[in-house]
Structure formats: structure tokens, C-alpha cells
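By letter and in written order, the chains are A, B and C; residue numbering begins at 1 in each of them.
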Amino acid sequence: MDGGRDPAAASLSPAAGRLVGLAVLCLAGLLWFGLIPAQIEFYDQGFMRPQTLPLICAGGIGICGALLVLFPGGQMGRSDPREVLRGAGVLALCSLAVWAMGYWGFLIVAPVLALILALGLGERRLFWLAIATLALPLAIWLVVEPLLGRALP
Amino acid sequence: MPPIETILAGFADAFTVLNLAFVIMGVAIGQFVGAIPGIGPVMAMAIAIPFTFSLSPLVAISFLVGINKGGLFGGAIPAVLINTPGTPDAAATAFDGYPLAASGKPRKAAKMALYASVTGDTFSDLVLIVASAPIAVLALKLGPVEICAVMILAFAVIAGLVGDSLLKGLVAAFLGLLMSTIRLDPEQFSPRFDFGYFQLYDGLDLVAVAVGMLAVAEIVRRIATAGGPPMPAATPQIDTRAAKTVSWAEYWSCRGAMARGALIGTALGALPGIGSTAAAFMSYAATKRTDPGGVPYGQGNLKGIAATESANSAVMGANLIPLLGIGIPGSVSAALLISAFVIHGIQPGPLLFRTQGELIYGLFGAMLMANLCNLLVGHLSLRAWTTAVKAPASLIFPGALIFCIAGVYLSSGGLFGVAVMFISAAVSLVLTGAGIPVVVLLIAFFLGRRFETALSQSLSILNGDPKNLVQHPVALILLALSVVLAVWMARRR
Amino acid sequence: MKRLLAGLAALALTAAPALADWSPKGPINLYIGFGAGGETDTLGRLVAEEMKQSTGWNIVVDNKPGGGGMAMFTQLNKMPPTGQFLGMGVTMPVLVNLTIRPDEVPFTLDSFTYIGTVALAELAIVAPADAPFDDLAGLIEFSKANGGATIGFDAPPQKLLVDVVNAQSGADMRLVSMESSAEAVQNLLGGHVTAAFNAGSHIPYLETGELKMIAGANETRPSYSPDTPTVEEAGFGVYVDPWYYIAAPKGLPEEAQTAIGDALKAALDSDTVKTAIENTMHTEPVFKGPAETRAMMEAGLANVKTLFGK
């Protein structure tokens, strides 16, 4: 976005650019032939029908994808495989946390999540670990539940 | 215009110590919650309303106004300091605010945001106070066809923000529009992309998506790239006066950006449903294209910060124009003010000005007072926050993530919203990896819902015949302007 | 803040002890089927606050938005019938979904024990005061003479009602989708639509003389304008009655149902709630007891089926 604020953004190799275009084209195909017919009831009356805008968008994405295959351009974010893996791990952990919160609640899951992330960031000092995992979630819980009278999971 | 005695009495009611205390408290709360991703000022107002039961109407409303105005600046704080906007409308503040902060000048960046926010806010408040009735009547004349044209104009201006690949920008815009169609369609009310979840009937929660794509994505990126021994979350600050303050000369050099921002914010604020995020991006794009100079945009240009913050804050005052002018709430926060009126037994509506003149001028007094308090409290709170981000990254990022979870849970009504937030974060990271601009997607997503409805309304009013556009000259002018702007911007690229 | 806290403490102290012989074994969760700040939310919180004060029960209000209350009722359906879980919603979205996509809805009318109604949203068709017609017949004539009038609406039943009128009269009115009542009023005042449905935000403008009533859309005439005939009276045989109501999961013990119902009735009788409802909704609170509410739901479902031609 905006001239690549990420200083490490790499200029794109044509092959990788074509790959992005191909992925975008596949997405459009999936939308047009799969998701849109499956998830939208088509109507044949009215001005803006339920399917009108989604089909326009899918078509637009498809055309842009095809053009990207022919004329690759733009930049790519950097992608060090180790970092991609770590990022995916963090997101997987978060999804697990959302699921767990439904069962055990915020007060139990949030400190565990914070503890794992803080340890993953290399923190070993007890003082900071205690603040991140105990003080902060507890403070949030105290403000929301007793003080504001709203419910957390 | 009510008699001068009513006006003076209203202002006198506003300037009391009790009122001042509540405004300061409101501003402080607003700045705090604004800074926390997920809980914006709107959420804070909704939570605060029941607590205002025991207060007098003016004190209650001043308190709420304080929260709202504090939140306008609060969102910019984390955007500038750690590149995670607290509210969606501060996303563009991060473009130049964060690079400036990362170069060791976080206080300068945050102060510029503060001054621009207060400037834009004060401008739109003055417009509201002086001219709400005529502007409201004028805005009333702009129907769905004209609103549709305004949105097309907004798209044309924001297109200037698309990075170096027009194609990827278009992909992002179409994806954003497509995401906005996850909801009941506006004509048949038939569910689309609901996958069996009733929660999706109302569409993806705007806050959950924005916080996920901007704040959570950035937090995950930071956690993923961190390595080695524990580090402070922010770059060390340069300890000179020039690096910590905004000089008058620097402020004055941004006058064009702030004027543009204040005008765009006020104009879009007076029209219901377009919102402060679009205003902020429009102003940033316009300033970037027309007002170069100094540091390049995206690398810490003060004008970028000034343009964004003046515009998003100007929307707030202008949002009250339809409310006070004709009795119709122009935004969620205006609707919340109405429910505060109602709780105190005040009947909102077209007669508000006539029957409650003193209260309304009291409200105006409180708004101006809140702007001043925003400035004063803002200095303290940005000092506190710049100190707080000196804490190790191992506290800041997991902590921020917990805040995001709690905030989105509260504002979107459940774990479903939290799940949407994390999915959005994942999508955002993948798209960024492929070089597709996420911010463009977000803007299209924010505008998409209103745009589809406005298109449907317009087509019905025009009976599907473009020839009927002749009866809407204003819309025709706006459409022509959009074409001119799009061509002009494309040629300047 | 001190004053605020003091005020809250005072509220807690003055709360009277429970009068009924049933009392909940913990906090009562009142789910609201809509987001914070809307009409249902305001209504629910007002009623909950009043019930809290009169009974001493700890009532926690929780917003569960999604699908006009469908997401909330789906969740409520999974909760135990201990009286600690209540849900407040509006009849129309529930009845419409039960009618047109019964297979996708994980509950039926029988899945709940009904506590009572809170209020009826009074729906009307309104037009700018200077419109060249004064009733539904006039609107139909106007539409025929001008190539189709435009009608603002914001929910499926309103669309169906217009479809019925169009089919029977050949009026050929065109619907314009609105996202809220406020937006409809705005479009009326700006002259962008010929007429529009509205459920209350138009009333102040009747008083200022900027808008006028064309027809009522409920089964009965609007309480604030008893001289306006309804669409049904005009000979089209259809109406729309959106009720705000409170329900609990099926199997709620009878003493709990009675106790909560009595508390709700008392809350709706109080002046604070009455005034607040009049101010927000421009209508009076109407309490129907459990049996009546249940009957109203059944009748409503039958009516929606007629509307949808099923």
C-alpha cells in the first residue's frame, strides 16, 4: 500500500507476479462457478438483484487476474519462510484460543494465550511475564465485568 | 436562531465546574478507549449511557460528547506509536505517523495528530453552531442519486491511493465490495454467503474486520518477525526539543492539508452514511496528490498526518448537523446522543432547537470546551502512551492482542466477531504477501454496503432509465467531476 | 465519577426484596437480538433496569445481534430453562424466517416459553404534507397517473404488503430500499420518494405539519392517529404487526414464568418506562401475558404465511 511503506518489500519477479495473477484468476473462477451460485439465490426481477454486485465483483477480479498473468507488476511483501511459519502458528494459536474461550471463558484462556505469546517473543523475566499474563487480562476482566456490567466470554 | 438570551444562558450552563469535570473525564475515557483497538468511542458511549441516568441532561450529554471527541484523537495514538490503528478512521494516520515515530519522533507525530484533530473538530463545530439549519436543509435535497454520485467521487479520489499496481488495487477494491455483499441483499432480503450463520445476515462487523486487517495483522507480523532477546516495542526516542514538539512553523505549513481535511470531513459528515473512514482517506489522497513538499508521503510527512486527522475529526461535529437541523441522526454516535436525550425525557425531532434551545447551546458550549480539554488531556495521555510503549514487545503485543479480543467481543456481540477478526487478519497477511493493498480493500468494504443500497435506491427512483438522470443535475456534475479527477490522477501518476 | 458511583450504590441499596415466591439462582441474562443503541436495545435496557429495581434480581443485559434476532434466538434455544436466560426480539423477522426458510431455522415457535409482549411497533405509510393525495386510494391513483410512485420500505413484510396492493390495484408502485426509519424520513422530507413506511420517527413531523398519514399498516388503526384507516380497511386484507416480546427456552417452570411475567408487567406499568417508550418508540407499552403472547405468535405466523402466499 502506498508506495510500499515496508522497507523490506521486494520488487516482484515476473514469475511470482504471474503466480499471483493465476491465484487471483482461480479465486474468481471459484467465486463465479462455485460460491456465488451455491450461496446466493438468483432472482430475475428488481434493479439491484442479490447476485448483481457479487457477479460484477467476481468478473472484475477475474479480468484483473488475467491481466496480471499477462502483465505482472507491483511489489510483493517479504516472505521469509520461517516468519511465514511463525505467523501461521500465531494465527492457529489464536483460533484455538477463540474456540477454547467458548468453553473455559476469557479469564482462563486469555492469560494462557498471553503467556505462550510472551514466551514465544523470548521473554524470560518473571516480572514482565507476570504483568503480561496475570495483571493485564485480570485488569481487563475487572473493568468489563464488575465495573461496566458487561459480559466477557 | 433563538433569542440571544437563550444562547447566552446555554453557554453559561455549559461553563460550570461540574460540567468541566465531566467533560475532562469523558475526554480522558474517550482517548483511552479510542486507543484500544476494537472499542471505539461509539462503543464507549453506548456503555456509558446507562451511567448517565443520575446526571442532569446537560452534564450527561457533555460527558458523552467528551467521550466521543476524546475517541477521535485516541485512535491515532496506537496508529502512530505501533502501527496498529485503534479505530478504522485512524488507519491513514499510520501511513506517515508510524514512519515518523519509528524515526525516533513519536511525540512529534502524535502531537501533530492531536493538533490536526482539534483543528478539524473545532472547524466543524463552528460550522455546526453557525449554520446547521441551512446546511441540513441543503443536505436534505441530496437524495439517493446524489449520494451515489458522491460515493463514486470518493472512490475516484481514493483511487489515487492505489500503490504502484493499478491492477492489484482494482483486485483489492473488488474484493472489498464483494465482502460487503455478505449480508441480506437490499431489495429481496435474501441471505448471501451466510454459510448457515444468522450472524452474517447483517454483514461482517465493520469493526471486527478493520481491527483484524489492520491491528491484529500488524501484531501477528511483529510477533512473527521478532527474534533474539526481548526488545522494547518502539524505537528509542530522540531526546531533543525539535523531535518532541511541533513548532508553529510546522503546524502552519500544514494549514492547507488541515483546511482540506476539515472541509472534506465537514461535507461528508453532513451527509449520512458515508462516514469518517472514507473522509480520512479522501483527505489523505487529495493532500498527497496536490500538496507535495518536504518528506515524501509514507515516510513521515506531517501533512499526511494533518490531512487524515483533521478530516476524521471534522466528521463528528458535522454528523450532528442533520440531528440538530432537522432532527435526524446522521451517524451511530448521533443516534446514541438521541437515546441519551430520550433517557432524560427530552423528545428528539425537528422541534429540538425550538423547545430545547438552551440545552442545545449548552451542548455547543460543551463541544467547544471538550475540544480545549482534548488538547490539554491529549498532551498528558500521549506522554503516558509514549512511555508505555517503552515496555518490552513481549508485553505490548500479547497485551494488545488481548485488548483486541476483549474489545471486538464487546462491540460485535460475541466470539463470532472475534473469529471474524482473526480470519480477517489472516486474509490481510496473505494479501499483503501478494502485494494487494489491504487498505483499498477496507475502504471498498466500508463504502460497499451503503453503495449497493444507494445504487438500488437510485435505480428505483430513476426507474432504471439513465435518461432520467437529467432531473438530477447535481449528480451529473459530481459524476463528471469524478471522471475528470480519475483521468487527472491517472496522468499524474 | 464519585457521584456516579454514589448514585449506583444508592440504586442498589433501595432495591426492594423479591416479592414473588420464585427467584433466580444467579444473575438473569437478558439477551437482546439487536446491537447496542437500537430501539430494541433501548427498550430492553429500560425494562431490565426497572425490573431489577422492583425485584432485586440481578439482570445482565447482553447484545446478541444478527439476522434481526435470529442469531440470538438460536442461542437462547440452546440455554437451560432455568429462568436465567431470557431473550427479547421482534416478531416479524422470526416469523418471516420461519415462513420462507423453515429448514434453515434451528427452532420453531414451540422451542420457547413466552413471557409476554413489551410493545407493538405501529407501522404507517406516510407522505410529505404537500403530496396531492391523502389516502391509499389517492396514492394508487397518483401512482397510476405518474408512471409509478416510489415507496420507501425497510423490511420484507412491507415489500410484500406493497406487492399485494400492486397486484390487486395495478398501481405499479416501485419500492425503494431504506436502511432505517430515519433514512426514510429524510427521503420524504427531501422529496426523493413519494411515500414511505415508518414506525415512529415520523410522528414529530406530523406535529410540525411536514408529513401526513396515508394509511396504517397494522391490524388496528394507529393509536396516535385514530382517523387514519388501515391498508386492511382499504380493502387489501393484509397487515403487518411487529411486536416486541420476551421469551425463554422451552420448559421454563410455571412459577418462574409467572414471576418474570409479573415483574415485566409491573415494569411496563411504571411511569419511567412508559414515558421512555413513548419518547423513543412513539407508542405505548402493551403487555400481553404468556398465553396471549403465544396466541399472538401463532396468529402472526398465519398472517405472514398469507402475506407470502404460502
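Following the convention adopted for this analysis, a residue touches a chain if its C-beta (ideal position, glycine included) is under 8 Å from a C-beta of that chain, and two chains touch if they have at least 3 such contacts.
These numbers come from a predicted model, not from an experiment.
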Arrangement of touching chains [line / ring / star / complete / other]: complete
Contact-richer chain pair (by C-beta pairs counted) among A-B and A-C: A-B
Mean-CA-position distance for chain C and chain B (Å): 31
Chain centre separation (chain A, chain B; CA means) in Å: 22
Chain A and chain C: spacing of chain centres that average the CA atoms, whole Å: 37
Multi-chain contact residues (two or more partners), chain C: 62
Residues within chain B bordering two or more other chains: 47, 186-188, 414, 456, 460
Touching two or more other chains - residue numbers and ranges from chain A: 150
List of chain B residues in touch with chain A within their complex: 47, 95, 98-99, 161, 163-165, 167-168, 170-171, 174-175, 177-178, 181, 185-188, 190-195, 216, 220-221, 223-230, 296-299, 391-395, 397-399, 401-403, 405-406, 409-410, 414-415, 418-419, 422, 425-426, 429, 432-440, 448, 452, 455-456, 459-460, 464
Chain C - residues contacting chain A, complex: 29, 60, 62
Residue numbers on chain A that touch chain B, as the complex places them: 1-5, 9, 12, 20, 23-24, 31, 35, 39-41, 43, 46-50, 53-54, 57-58, 60-61, 64-65, 67-68, 71, 73-77, 79, 83-84, 86-87, 90-91, 94-95, 97-98, 101-102, 106, 110, 113-114, 117-118, 120-125, 128-129, 131-132, 136-137, 140, 144, 148, 150, 152-153
Interface residues, chain A side, partner chain C - complex: 149-151
Chain C - residues contacting chain B, complex: 1, 3-4, 7-8, 35-37, 42, 45, 49, 62-68, 70-71, 74, 104, 147-148, 150, 155-156, 159, 174-179, 182-183, 185-187, 189-193, 201, 204-205, 207-208, 210, 275-276, 279-280
